[in-house]
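Have a look at these structures, which come just after this line.
Both complexes shown next keep chain A, but they swap its partner, so chain B is in the first and chain C is in the second.
After this line comes the complex of A and B, so read on.
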């Protein structure tokens, strides 16, 4: 009996690893494929015959750094994204606090309105936003990108943080109040530490959205001054050189890498964050 | 260090009543215990004293200052919450320290105060843990330590010992009483435990359905209940209540007959007698029925007698034994018989 159970335990463990392994492979193969494309000569990529022993080449690597100001694009991306997340958090945390804690008329309607801004098709606001930014003289600047990314993500960052705040027992704030703490101190010392996983989760998702943002970036950035990785990718698709696949693959990989690293680093908080809203206690 | 008056306090949320019409005058340095069934408004009343809930009607006065508009943080109370409310991101040490920091207690005193409070609740070894790494009882004691670490005007304690084992509970009870007496701090204390209420309280407030049923010293509550609710709520097992009819000083109910009661209470009344004021007699007692249960506990024997369809509890001598369904007869201590109006439940004196 006991050994039978043990064996089936071992089998189910093996099965579990097999399933997880298959899933990991399924997710990783495209990424590795991309990397391999990026690190091969251009000729080799467009030949119709299968190649079993690919040649390694840093052509694309040299091309993106030397012929193109990729460093600048990367910097633009990072600055715009980090700036936008900071703006989002500064605005979303107090908003979420208000939406989750204070009782006032129309509170839930405001909450829903904030979320509904996300439901609009971006193309509808593209033209007005272009003129708005032009009038403010913000076209072709990182500042504009920061603002636009922040605006796109603000609603759901607020919403996620709010749902985490709703999970904090009200008694906790009551205790802090009777202990003599003011609202801001309660927010800073009690609430924010308690919802840190939620803040991290929201920030990572906002970063992913921002790094993939294309439409508004294209609209606002007209010179390399404000080009980001996502728009830079588009540069390899046209012009007299044709589609430069290996450069595209490499840039796509580079755009993917930072987010991937961030997620791996904060994995513990992230998984806790994604489930914390569901289970009380 | 504060007198607390609750004048005509009401609290409702829309159609839901939390508290209806509470009037209470708590003297400076007094220890008042709220006792009542779940949902009767104990926590709500306490939260209004703390300033966490605003009364819908009425006034809260502390030392002749109306407090209704005063913020919780300016009331200088220390509260133990029913759900502990420990700050999850802070260690126990930081939790206990929080009120000291907020109230501007000089930094150099913190460590001594924290260690002393933790010592009183026997948590000295757990100071560097997070609340999530403590057991329920340890968390509760941490919450208690956070409240007693400084000297507020008022202590509010909402079932602070509910999660402790009997021994620790008894020990903590003594500590709380000692601290309260030593620091002379007005204290409001909520409990479900009658022994706790009896031993700690200067006065007990019995509540039911959002209203105060009786306010009195433990003796008064026990020996002089104002109505059937209080009579039935206090005592273990509680007072026997027998509905019947009074005619010219004679109370009768199926299987029960008591003479020589005051004639002025004629009509439908309920007779109350505590289990310990009943004695098993050979026969010719006030009540006769059949033995329903016998439970020896060592120092006494609980005897349950079935009279008609009612069960009557008697505390009998520890040697008492009887067969099930045998006849039993019980006499009441005539000085300890209580008469209540059956319709209103109010005591008739």
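After this line comes the complex of A and C, so read on.
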């Protein structure tokens, strides 16, 4: 009896690692294969018979820096993303403070309205937003990208920060209040330092979504002046040349590495951030 | 999550500021009542600019015929045409089919993986591997699958080598195979999203309850199914809703991999709006489709999302 149980325990352990290992392989193999695409010459990508062991080549690396203004795309991405995160934090921190620390009429409805903007399909608002930016002469500028990324992420950022603020014990504030500190001072000197992990988590997630954004960027950016990495990829289709896959692969890894590094750093907070604070992992 | 040390120093710093603030306080009792509204107002106004304004704009535009020239009043024309447009209904149907298959697969896989991973210290060490697909730009992922299935035909080649196929597959000429590519790409990229949330949810549960059940002789599987899973329900609901929102707005993969084909069999509602608006420049018509989507979104938001987020918090 005892040995039977032990054996079934061992079998289930083998099953566990088989399943987890299989999924890990499924995650990794396409990535490694795509890396090999980035490091091979173009003629070895689309062939009658797929080539699994290509010759090593840095063709694509030279191509993206020399034939394309990749530096410019990178700069556009970085500026638009950082700008959008700053806008988000300026708007979201006071809003989250209001939603988490005050009792007033309509508070929950306002909170839900902010949350619900996350549900808007980009395609629904795409046409009006396009006209809005056109009227302001902002089409094809990184300003437009900054504003739209900020708008997309604002609900997320507000709710994440709100969730972290709710965790702060009320006594801390009360102590400061009896000392005579005003609300804004409490926000600045007590709450913000205490929820720094939440603010960082929210910023990282906002950055990832901004890097990934595709539809709006596609509509707003029409020249390299405003192309970001994400949309630049779609333009590596090179017209008559067909899709330039090795360049695409390298750019994809270029964008992936920094994201991967920050996610490793905030790993513990990731699930909480991704659910806007609904899961306290 | 709060950091007591940091907060304590913050409180100490705040103390010297009293005199000025007392004066400020006396001066403005009314200000105080308005303060929470003033704090939340900038964010709300900003969001209205991208939701309320576009909503009103889309509703207005949907009653006009907008192509290149001036707007022409069209009444309900756009809507009546839309109701009879099989491509519009097709797009709704495709979104539903692709989205629900993809979501169900992701949920089952993520739950299975989370079930096997959540109490295993060894797995926690390399769990980050599971997150990698999610951290690639969606447009890059779309190209990975376009290349693997269509352009380089690697997938078919591998199946042929394994003896599972005896010739090349014309993925693009079959609606279901094309949908399958979209589903695989989505499952590959976004199962990690559900996985990490489920793992966090499971880990947050009280280990002692599980231990007690185990001492009573319950199997791992029974514990998971009867104890852990029911407690996870609110978390699963929130995670699935967030995922469902993104799946129903699926655009990038369609744009890059299938372009909606063959025979509009993979055209999602987002791609339909994009195509009518920005390829055929039929903005009034695209707006009418947007308005219908908007109404569906609001209904779902009110009845499903509100409830899920409220219950996850209690």
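Methods note: the second predicted complex is superposed on the first by the 224 of 281 C-alpha atoms of A that agree within 3 Å, B and C clash if a C-alpha of one lies under 4 Å from a C-alpha of the other, contacts with A are read in each partner's own complex, and residues count from 1 in each chain.
Following the convention adopted for this analysis, a contact is a pair of C-beta atoms (placed from the backbone, for glycine too) under 8 Å apart; a residue touches a chain by one contact, two chains touch by 3 or more.
None of the values given here were measured: they were computed from a predicted structure.
A.B. asks: Pick one for A:252: touches chain B only (first), chain C only (second), both, or neither.
C.D. replies: A:252 sits against chain C, while chain B stays out of touch.
A.B. asks: Quick check on the superposed pair: does A:169 touch chain B, chain C, both, or neither? Answer first, second, both or neither.
C.D. replies: After superposing on A, A:169 lies in contact with both chain B and chain C.
A.B. asks: Would you check which partner chain A:181 touches, where first means chain B only, second means chain C only, and both and neither mean what they say?
C.D. replies: A:181: touches chain B and chain C.
A.B. asks: Is A:225 contacted by the first partner chain B, the second partner chain C, both or neither?
C.D. replies: neither
A.B. asks: Which partner, chain B or chain C, is in contact with more residues of chain A?
C.D. replies: If we count touched residues of chain A for both partners, the winner is C.
A.B. asks: On chain A, which stretch or stretches are contacted by chain B in one complex as well as by chain C in the other?
C.D. replies: In the superposed arrangement, which is not itself an observed complex, chain A uses residues 169, 172, 175-176, 179-182, 185, 189-190, 193-194, 196 for both chain B and chain C.
A.B. asks: In their shared complex, at which residues does chain A touch chain B?
C.D. replies: 169, 171-172, 174-182, 185, 189-190, 193-194, 196
A.B. asks: Contact residues on chain A for chain C in the complex?
C.D. replies: Counting only chain A, the residues touching chain C are 12, 16, 19-20, 23-24, 26-28, 30-31, 33-34, 37, 45-47, 49-50, 90-92, 94-95, 97-99, 102, 104, 107, 110, 112-132, 148, 150-151, 154-155, 158, 164, 167-169, 172, 175-176, 179-183, 185-186, 189-191, 193-198, 208, 211-212, 214-215, 218-219, 229-231, 233-234, 243, 245, 248-249, 251-252, 255-256, 259-260, 263-264, 267, 270-272, 274-276, 278-281.
A.B. asks: Going by the contact rule at the top, pick out the chain B residues touching chain A in the complex.
C.D. replies: Residue list for chain B touching chain A: 47, 50-52, 71-73, 75, 77-79, 81-83, 85-90, 98-99, 102-103, 146, 156.
A.B. asks: Can you list the chain C residues touching chain A in their complex?
C.D. replies: Those in contact with chain A are residues 1-3, 6-11, 13-15, 17-19, 21-22, 24-25, 33, 35-37, 39-40, 42-44, 46-47, 49-51, 53-55, 57-58, 61, 109, 112-113, 116-117, 120, 123, 126, 128-133, 135-140, 143-148, 151-154, 157, 188, 192-193, 196-197, 199-201, 203-204, 220, 234-235, 238-239, 242, 245, 248-249, 251-252, 255-256, 269-271, 273-274, 277-278, 283, 286-287, 290, 293-294, 297-298, 300-301, 305-306, 309, 312-313.
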